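Presented sequentially are two complexes of chain A, the first with chain B as partner and the second with chain C.
== the complex of A and B ==
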């Protein structure tokens, strides 16, 4: 397991979130398994495949569920049934429980009401947050008519409405189109850089997190398997062999040529003679040398893809499964 | 990286008012329910049949004062305003529709998170939900009986307003009592299932099942009548308006049944929601 000490942007020594041997299981299913993490101020990404334990961690952190063992401190306090802390923390859930019959404004006013806000101050604050997330022209429409990106934005607006110190955003980009995703990433970045909220954001897509922050915690099967700067994690990932499938004609000729490339570890045929699996140690070197081999041997490639593009495969490398 | 807050004024308002949080939930429910065409239609039909006709009828017929008999005592060829059967039947129907989705929908779509990721206690959530349902239910179970009483008092020919006002006071209690029992029962059924339709039918059907059981077994022992929620409500009205229980019904068993219908729904409701909201 890799352990990279995170830099603390604001220079304080108290971690924003500190989990020690945190475990949570649902019957026989393990949500978190001796999860240890320290998160400091700024934007931190929690990255892991579906079912890795991201949402369980968030639910414990906002006090919705109680861990079976271990300890978690959020801003120095235990979140379990802690209303004082709940008032300082905003949460944007991964699932959509918005009422389609309600307007965006009415939804936000309900959230404000649940935080004890009311009157003109609440109206003003609703205007502020809708401007921050870029929904000022849609706020009087029924949520039922919102696109997926707009629904994510209104949830995001709800989480920042009470001006929480710390925001937990659970998969805020899921289900959104590329345009909305880009806009949401900008909004999330601004929440820290312009509004001063500390943000913990989860995703199962590493490049998405990479666009928001350089600090990540990788979680897999309920355990933290790495944490730190994304560049360092990428280097670590690159140390492990990558598998590439190439399909086309004359694959045996190509295989011979590929073995001459220095970064090629092994080449093997798959089900038929038109498909080979190549194991390489360095992707950049391999793809740099591949065109020359293809041109020299006059080979037609029909398709080529990496079998370990998915985060799941990366995690398997990291835990040496 | 240093943080520069740009053109941002943070919220500095009061964030600790508990009543305001409960009120936010009450307001949401009241607004949602009254924007439902189905509920409005049921409310209007129920109003016409159950309340408007008796109000007109009792106001135009000459009377000296508002009496308890007008409200509850069975008269030949009909019943008292509250005990003719229509009032409780429509109130139950209204409660089934109004309360059916209050908790079941939160269970179904995980809206619990919407509330409990905020500084909200289980008690606040329940008070908000019950308060919202109570407010809507009172439009049918509380305000019309008061309107009935005021209309009858306004058109009375006699001068004894003390008697009439005493009956008005009893009607206030009956209205609150009926609204509370039906609301808490309806919301309790709603917390037992994730399906709104099951909750609606369940609340309505469970009253009738208990009524049938009470009816069947009261042939063997008249005390079984107190199992029947319709009888229980009617006997309670009689007591509030100063009449006696039927002689064949044991006051102890009646008290026990009354206590049960007052306490069991709220207890079940609290336990169930606490288990859900406080995690496992």
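== the complex of A and C ==
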């Protein structure tokens, strides 16, 4: 396992979150497997493919479930049945837990009420958070008529409503269109930069996290496989060969030309002669040289994609070290 | 205002709204129609008004509608929140789980008592209305209404607890309501004393002179047993809810 220690931003030596040998299993399915991590103040991304254990980690962190072994401390405290901690932590789940026949305002007022807020202070806070997430014009509408982006925003508003110190945002961008995604990313960044909330946000898409923070924890099959700055993790990923599939005509000619590129490690034919798999050591060098080969040999490429695009493949590389 | 009280009332209001907006309200409407139809038809027959009226209200409402309705709502109120995952809002909030469980219980008791009392009123009017409402029939109505409340308290506590112990609470509820309460509770001899319905019937036979029960338990004993049962069932439910995980 690789470990890149991250530096703390705020000079605070007490980790915001500390997991030691944290394990959780559901029957025969392992959710977390001796998971160790230290997360400090700021925005931290938890990145891993579906089923990696991100949601399990969040559920333990907010006290929905308890670990089978190991320990998790959130702001120095055990989250299980801890009301004091629950008052300081906000949670935006990855699943849709919204009632379609409720208005956005009613949903937020319920959350406020469950946190002991009432009256004018609650009404004022509801107005504030809807403005933060950009839903001020939609708040009196039924949630059933909300788009996916709006549903994510109202969940996000619910998590920040009690003015929590720490926010757990589980896949807040999932299912949203590019426009909503962009706006949600800006909102999440502002939650730390302008509102002062510490944020732990998960995604299975590394570039999405990259737009919010430079600090990530990579999780795979219930284990932390790396943590630290995204640039360092990218370097780690780049140490491993990338595989690219190219489809088109005259692929044997293209294969000969590709072998002349310095970063090409190997070229092989896939199921038929119109499809090749290229293994390259450096993507930038390869894509820099590729157009010249294609033009010189007058080859038509129908499609080209990296089989490394899935995070699963990247994680396999890291785990197999 | 006390912060815990604010949290508790927020949960109760939320649960009441869920109950009232639930599609299960259809069962109550069918129950209402059924009660009105049966009692309305009975009023057209040549009957001994007070005996038949009391017997019908006891049989239809106390022995049938109350256990069935509380089974339908009690065994699903928390399960529905678990299934659509809205329970996350409750569990991740800084509200004590014991308080949450009591909030669900109070919501169900408020809603079902009100709805069952409405059915009781409709049944009463449909039967006694055409035959004449007098002080004796009003007395029966008040006693039956009080029994509806007692029945709601005890059956709701039972079915809410069962819903935490099994995800098939409705099947258990059907078995319990029809076989245990309906059949065992009407067997002759002491065996009927293992059914909740025996103690409710015992109270009704003490209160209402037009209802008789062989082998009835004493009034105070019935109250004590039902009270102890409610406290035990709610306490056990609170304990289970407090330690339950919500993956």
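For the reader, a short list of remarks on this structure follows.
The criterion applied here is as follows: the second predicted complex is superposed on the first by the 320 of 321 C-alpha atoms of A that agree within 3 Å, B and C clash if a C-alpha of one lies under 4 Å from a C-alpha of the other, contacts with A are read in each partner's own complex, and residues count from 1 in each chain.
Quick note on the criterion: a residue touches a chain if its C-beta (ideal position, glycine included) is under 8 Å from a C-beta of that chain, and two chains touch if they have at least 3 such contacts.
This structure is a prediction, so every number in the text was calculated from the model and none was measured.
On the superposed chain A, the two partners chain B and chain C do not both fit; they clash.
By the document's definition of touching, neither partner reaches A:257: not chain B, not chain C. In the superposition on chain A, A:45 makes contact with neither chain B nor chain C. Comparing chain C and chain B on the residues of chain A they touch gives the larger count to B. Looking at the shared chain after the overlay, A:95 reaches both chain B and chain C. Look at A:65: by the touch rule set out above, it reaches both chain B and chain C.
When the shared chain is aligned, no partner comes close enough to touch A:222: not chain B, not chain C.
In the superposition on chain A, contact is made by A:194 with chain B only, not with chain C. When the two complexes are overlaid on their common chain A, residue A:121 makes contact with chain B while staying clear of chain C. On chain A, the surface touched by chain B in one complex and the surface touched by chain C in the other have residues 26, 59, 62-66, 81, 83-84, 86-87, 89, 91, 93, 95, 97, 99, 101, 110-118 in common.
The touching residues of chain A, counted against chain B in their complex, run 9-10, 26, 42, 59, 62-66, 81, 83-84, 86-87, 89, 91, 93, 95, 97, 99, 101-102, 106, 109-118, 121-122, 125, 128, 161-163, 192-196. Those residues of chain B that touch chain A in the shared complex are 1-6, 8-11, 13-18, 20-21, 23-25, 27-28, 31-32, 35, 109-111, 113-121, 278-280. Within the complex formed with chain C, the chain A residues making contact are 26, 59, 62-66, 81, 83-84, 86-87, 89, 91, 93, 95-99, 101, 110-118, 158. The part of chain C that touches chain A in the complex is made up of residues 1, 3-4, 6-7, 9-11, 13-14, 18, 21, 84-86, 88-97, 242, 245-247.
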